[in-house]
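Right after this note come the structures.
Note that chain A is present in both complexes that follow, paired respectively with chain B and with chain C.
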Partner chain A sequence: MRRLPVYLLLDTSGSMTGEPIEAVKNGVQVMISSLRQNPQAIETAFISIISFDSTAKQLVPLTDLASFQMVDIKASGTTNLGEALKLVATCIDTEVAKTTPEQKGDWKPLVFIMTDGIPTDDWQIGLEEFKKRKTAFTVACAAGASADTNVLKQITENVVSLDTADSQSIAKFFTWVTASIGVTSTKVEDAGKEITGLSELPPPPSELNIVV
Partner chain B sequence: MSYLDNFSNKTGMSTKSVESIITPGKIYPYVDNGEPMRGGMKDVYFAPDKSYVVAFYRDEQDYNTKERLRKIVTQYYDNFFNREHGDYYKELYCWPTDMVEANKKVGLIVPAYNKNFFFKKGYATSEGIKGKEKQGLWFASSKFRNKQFPLRLDESELGTWLSFFQVNVKIARGVKRLHAAGLAHSDLSYKNVLVDPVSRAATIIDIDGLVVPGLFPPDVIGTADFIAPEVLATKHLDLHDVNRKHANRTTDLHALAVMIYMYLLYRHPLKGGKVNDLDTEKDDLLSMGEKALFIEHPTDLSNRPKAGQLSKSALPWADVDKIPYTVTGPYLKKLFDEAFITGLHHPNLRPNADTWEQALLKTTDLMQPCSNKQCDQKWFVFDNTAAPKCPFCGTPVKGTVPVLDLYYQFRPTVWQPENHRLMVYNNQYLFQWHVNRHVIRNERLTAEQKVPVGYFTFHNGKWVLVNQKLTSLKDVTENKEIPVGTMVDITDGKKLLLSNEEGGRVVMVTMANNPQTPKQA
Partner chain C sequence: MDDDQQILRNLFAGNNISVPKNRAALLEEFLKEEQNIKAINAVVENQNLLINNWKMDNRITDIIQQPVRILNATVGKPYETKFDFDKFKWKDIAAFQFEGLDEVGLHHDEKTKQLTGVPTQSGDFKIVFKFKLAGEPEDAAFHEKLIPLIINPDPKSLWKNLESDKNDPYWKEDNVTQFAPLGDRHILVSSKRGRAHANVGSFREDDFAYRDLDDGWSLVVVADGAGSAKISRKGSALACNSVVQYFTENSSKESLAEFDVLLQQHKNNSGDDTQKKLNNYVYNKLGKAALYVHKQLAEFATKAEVPLKDLNSTLIFTLFKKYDIGYAFLSFGVGDCPIAILNKGVTEVTLMNWIDVGEFGGGTRFITMPEIFQNEKFATRFGFKLIDDFSYLIMMSDGIYDPKFVVEANLPNIKKWKEFLADLGGKNEDGVKVELHPENKDIVNQFSTWMDFWSPGNHDDRTLAIVL
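Presenting the complex of A and B:
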């Protein structure tokens, strides 16, 4: 019933080109496949991916683990973190069900932010919007030496940093995100039977041979 | 004195060793690759041959906890396993066998899980969980058995509905034995019980949280879904507040009832449609705590799951109209009522583990194989109606079904019903525990008592009981002895004396689903 929404805000600016962006893609894949081995996570966790470079885009809307499919991401442009914060606020409004007298709502979302640089937009406007939404926790990860932890600390008190933005460090970050989702889904609720709807039916066959 | 001689080795694969603090000189090697499996409180390392694990507590433990652990691996270990039926109990638990200490960190030596508790195949459509542990939740949630769900379990992993009765019997026996020793598990849940419906086995793990009499209880509240309402309702109070409710035998009994319900119906008995607060966290706390209400309460319907809010992948089990808890039969219905209605907020009224065990076993005597080979459940509890059918696939029962009601001698010539009924199916066996009321069907049965004494079969158009071992079987209706190696017709109204020994029972036959003489069984 109750879903645990998880938003991943990933920096796809030009500085992520090469090893870092490949590591992020790989990190998401490994995270999904390892969460798919965790029955609690399958029961509750729903994942969304938001990328930010010169614009912010929700690449994957809030999706259950069984049907999650990663899309290709490319690194280019600037670091519009503020826009991403504003976008995640809008997504929370539209995607996370509120408890009403008739229906049990979702759990408060978990938000993970990863960036390797300094925001290039007016990030404080975005932050203001974001702060109006309730989250279970928000974690910001500063990947590599160019990331500004001071900015991130204004977004959340939970800031972690990776010395380098190489594949090994980024993989570790995703391992940790995976563990956090696993632990939280266990803690909040163990046997929710959330709505997954039609999207989880297998795709229709590409060709039908029907003899009439 | 015990410590690790090479504990300080940095990363990389290395074999280390640690010494028992119970038996000085006893050394346990283990492999440290720098990344142990991390549990809630412990780091777990495998033995080089994987026959055991060493589980170190990450934090330093106080005197009280160490004493508790010491008792668990010594006194209670001996009481449980180094005596009669000890081997049987070894299968029901993964019990720590020794205690070690290194660098002020205590650890436990725990045997590796049996092979049957790892997935042979896992998912139907991928290798994702092949070789992983069969944590109970895989089998307590309807999703993983829904044919439309991409991450469903392979059919070869699911067992039949009957398997889950046997799995539940094992769990109930495990809990019964703990409680008989004055212990409480304190964190029974589908995370702490491994389940294998294929071999019909279950084993209770995480024994180190046991509440031991005379010592302070461990500081755990339990696993969400299984925490008793009174514990949740008082968890805001200080740990030492007299009104704060802690894990004990009766909270185990709540968890046990929830688990049995979930393994038979693949849904949670308290998670329904009722909203108790507009704040999600508060609502959850109230709905599982102070305001907990059985979703199938017969008169208060306010927590029934709302049809429009059910996930497709949770169907059909999430739909209490389609599969009500009464499909589990009269004995279990009564216990579910006691656990989730009368006893939900009155811990002392909860059925004990022994009662669950007996009700589960008696219910297996009411079960019939489904004649539909495609039926997912394969077995069902006979519903006692004039037009009986499998409640899961809807296949009607074909032909007559003999119903045997068991009676015991109350005083000479006066026989009273036992409230125990045996539904006959083709090639079903009759056992000593049906024949004599002094033979109790539990883990103490001898090998001889597990051998059938007769069987029922549909032969030449009629039902018969073939006598294999009963030396004083008598057809009371016809006043005729039925010697070993012969058979007796099973017909409507017939009375059979199964044994003339002390405790021997009489059975009375009623033919159900009888087209000639329609009659309520």
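Presenting the complex of A and C:
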């Protein structure tokens, strides 16, 4: 079976303390519960959580929706986005199966990045590594006014922003991520085709601004 | 006595009362008075009580806050997971009970130290674990710890089965299974709408056809309409019908007769020359048929004022005829549907076609694409084989190929075909069996049930034709 790998890169730096981090945790929980109700997603989507603050960690390895359990996340430290990009590249190498004559590989991974700040590490090095990996699409979300959309635009052309990093906006972002994963898993199963960009995803809610 | 004195001195010190040396004797006398001894004992007792109570409360809070994760369950799927007090370091729990387990079909088995059962409902639950610690009074209330438990819905229950719209101009039956004589053999064929389509009430896009032609030839056709094409259900139907139409026309019948002559020549002197002639014949004859199908589709698209690609469909067809020297098979294929012949005794598989699998998913080719006719590979899309005798001729769409063979590399492997036949014979998860012989009165039902096999991630339309 071809899996649809989904990587969530979540900013857990100090500035996320309080409402934002709780909203992110809640957003992931609600997303997983809702995807479990989608027959195509529950069979194909595999989710991994990578957090980044003063260091990047893969909190949950690529796991099928049925077995997935959210871990507790706490906010502290700086914003090592570059390290997270490097880590997700490594995870893609080890976790995503390639197609060979003997096996059918996985679908190309979807990557969602959410950050409320400016990277504090040398993020270009991580980006270089990340760019060498093939993804179906990468979406970056700038949560609140302190995030730098210009940095995110260099990571991916698909950048959305939230005016404020409050719980309602963050919840909306995750609802949209949920819908996007749902649509992608339906599409790969039905038409055998991958989605390549923002235009093929469900329209984002009004709280989400598309950064052009 | 010394201990008592120390307790008293600590008490006095805490209240800024000093006992000078000249009052030491008085203190000793004080400690001998019965009333005072009792009071000190009471102090010690109360102190101990407070310490113990505090320790107990801490321990209870520790247990309540201790993260306990248990495996997610799935409705209908037997569940068991360790729930071992030793592992949690809960040796001091003296009494306990669960609340909320029964309701979801689970229970705690003390002997095996497991939570076990068959979950009955899905959701994000919080199981209440009630406990008392050793040392607590018997009539003390239970403490409550919440343990999260996720029960997934049964994936099968999530798929809806919505009927397709019968008023649609290109409607076709959602599921068809047939068994019929074909030539000197029989055909068993089934075409089923995939769960992905049933879930949204859309149409089956696969199709098939079979026909006995006049002069001993039999024809089997399978077509798979592209998921991304708007009316590919019509494309696949039209492709199948057009092949039948082509070979039932008078002019085609005449030239099929020519094959007999060529085969006779080939039999008499099996030189390269006659083989080449036969190949040429197949290429010309079946090439014309393929082009005819393409033209029919193009004509339809023009009339219906739709782009030709809206009719995108793969196409495979096989003609076979029994001669005294064996069976002749002629074939054509475009797309990702394999045609295989299993010899008598099933020791060898002969693949009639190569399959178009793109580098990326969905990179297949369709009969609607004009470029396939100009492509240098066009000549290799035809097959001709002479085989003494055969047990099965098998043709399938990718809805069968993907779950059962997975990759192209498995197709030439006779072991995989034996497994496939064993699967049909009942060696599968649900034990569904098809007795593949013409005398089987229940063959249509059996086959139809088998076709509904469950395979996660494989919910495409399924078409499987077996000549037996």
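Here are some notes:
Quick note on the criterion: the second predicted complex is superposed on the first by the 189 of 212 C-alpha atoms of A that agree within 3 Å, B and C clash if a C-alpha of one lies under 4 Å from a C-alpha of the other, contacts with A are read in each partner's own complex, and residues count from 1 in each chain.
We take it that contacts are C-beta pairs under 8 Å (C-beta built on N, C-alpha and C of every residue); 3 or more make two chains touch, one makes a residue touch a chain.
All figures in this text were calculated on a predicted structure; none of them were measured in a lab.
With both structures placed on the common chain, the touch criterion links A:T164 to neither chain B nor chain C. When both complexes are overlaid on chain A, the residue A:T44 reaches chain C alone and has no touch with chain B.
Contacts of A:R36 after superposition: both chain B and chain C are touched.
Residue contacts after overlaying the shared chain place A:N26 against neither chain B nor chain C.
When both complexes are overlaid on chain A, the residue A:T120 reaches neither chain B nor chain C.
Annotation for chain A, partner touching more residues between chain B and chain C: B.
Judged by the touch definition given at the top, the superposed model places A:F68 against chain C, while chain B stays out of reach. In the superposition on chain A, A:R2 makes contact with both chain B and chain C.
In the superposition on chain A, A:D106 makes contact with chain B only, not with chain C. By the touch criterion defined above, A:Q154 reaches neither chain B nor chain C. Once the two complexes are overlaid on chain A, the chain A residues touched by chain B in the first and by chain C in the second are 1-2, 33, 36-37, 39-40, 42-43, 65-67, 101-104, 107, 186, 188-194.
By the touch rule above, chain C contacts chain A in their complex via residues 67, 69, 71-72, 74, 122, 124, 150, 152-153, 155, 158-159, 195-197, 199, 227-228, 360-362, 406-409, 455-460.
Residues 1-2, 33, 36-37, 39-40, 42-43, 65-67, 98-108, 179, 186-198, 200-202 of chain A are the ones that touch chain B when the two sit in their complex. In the complex of the two chains, the chain B residues touching chain A come out as 38, 128-129, 132, 135, 137-138, 140-144, 148-151, 189-191, 223-225, 262, 267-268, 271, 273, 275, 277-281, 283-284, 306, 309-314, 318.
Contact residues of chain A toward chain C in the complex are 1-2, 29, 33, 36-40, 42-44, 65-69, 72, 101-104, 107, 186, 188-194.
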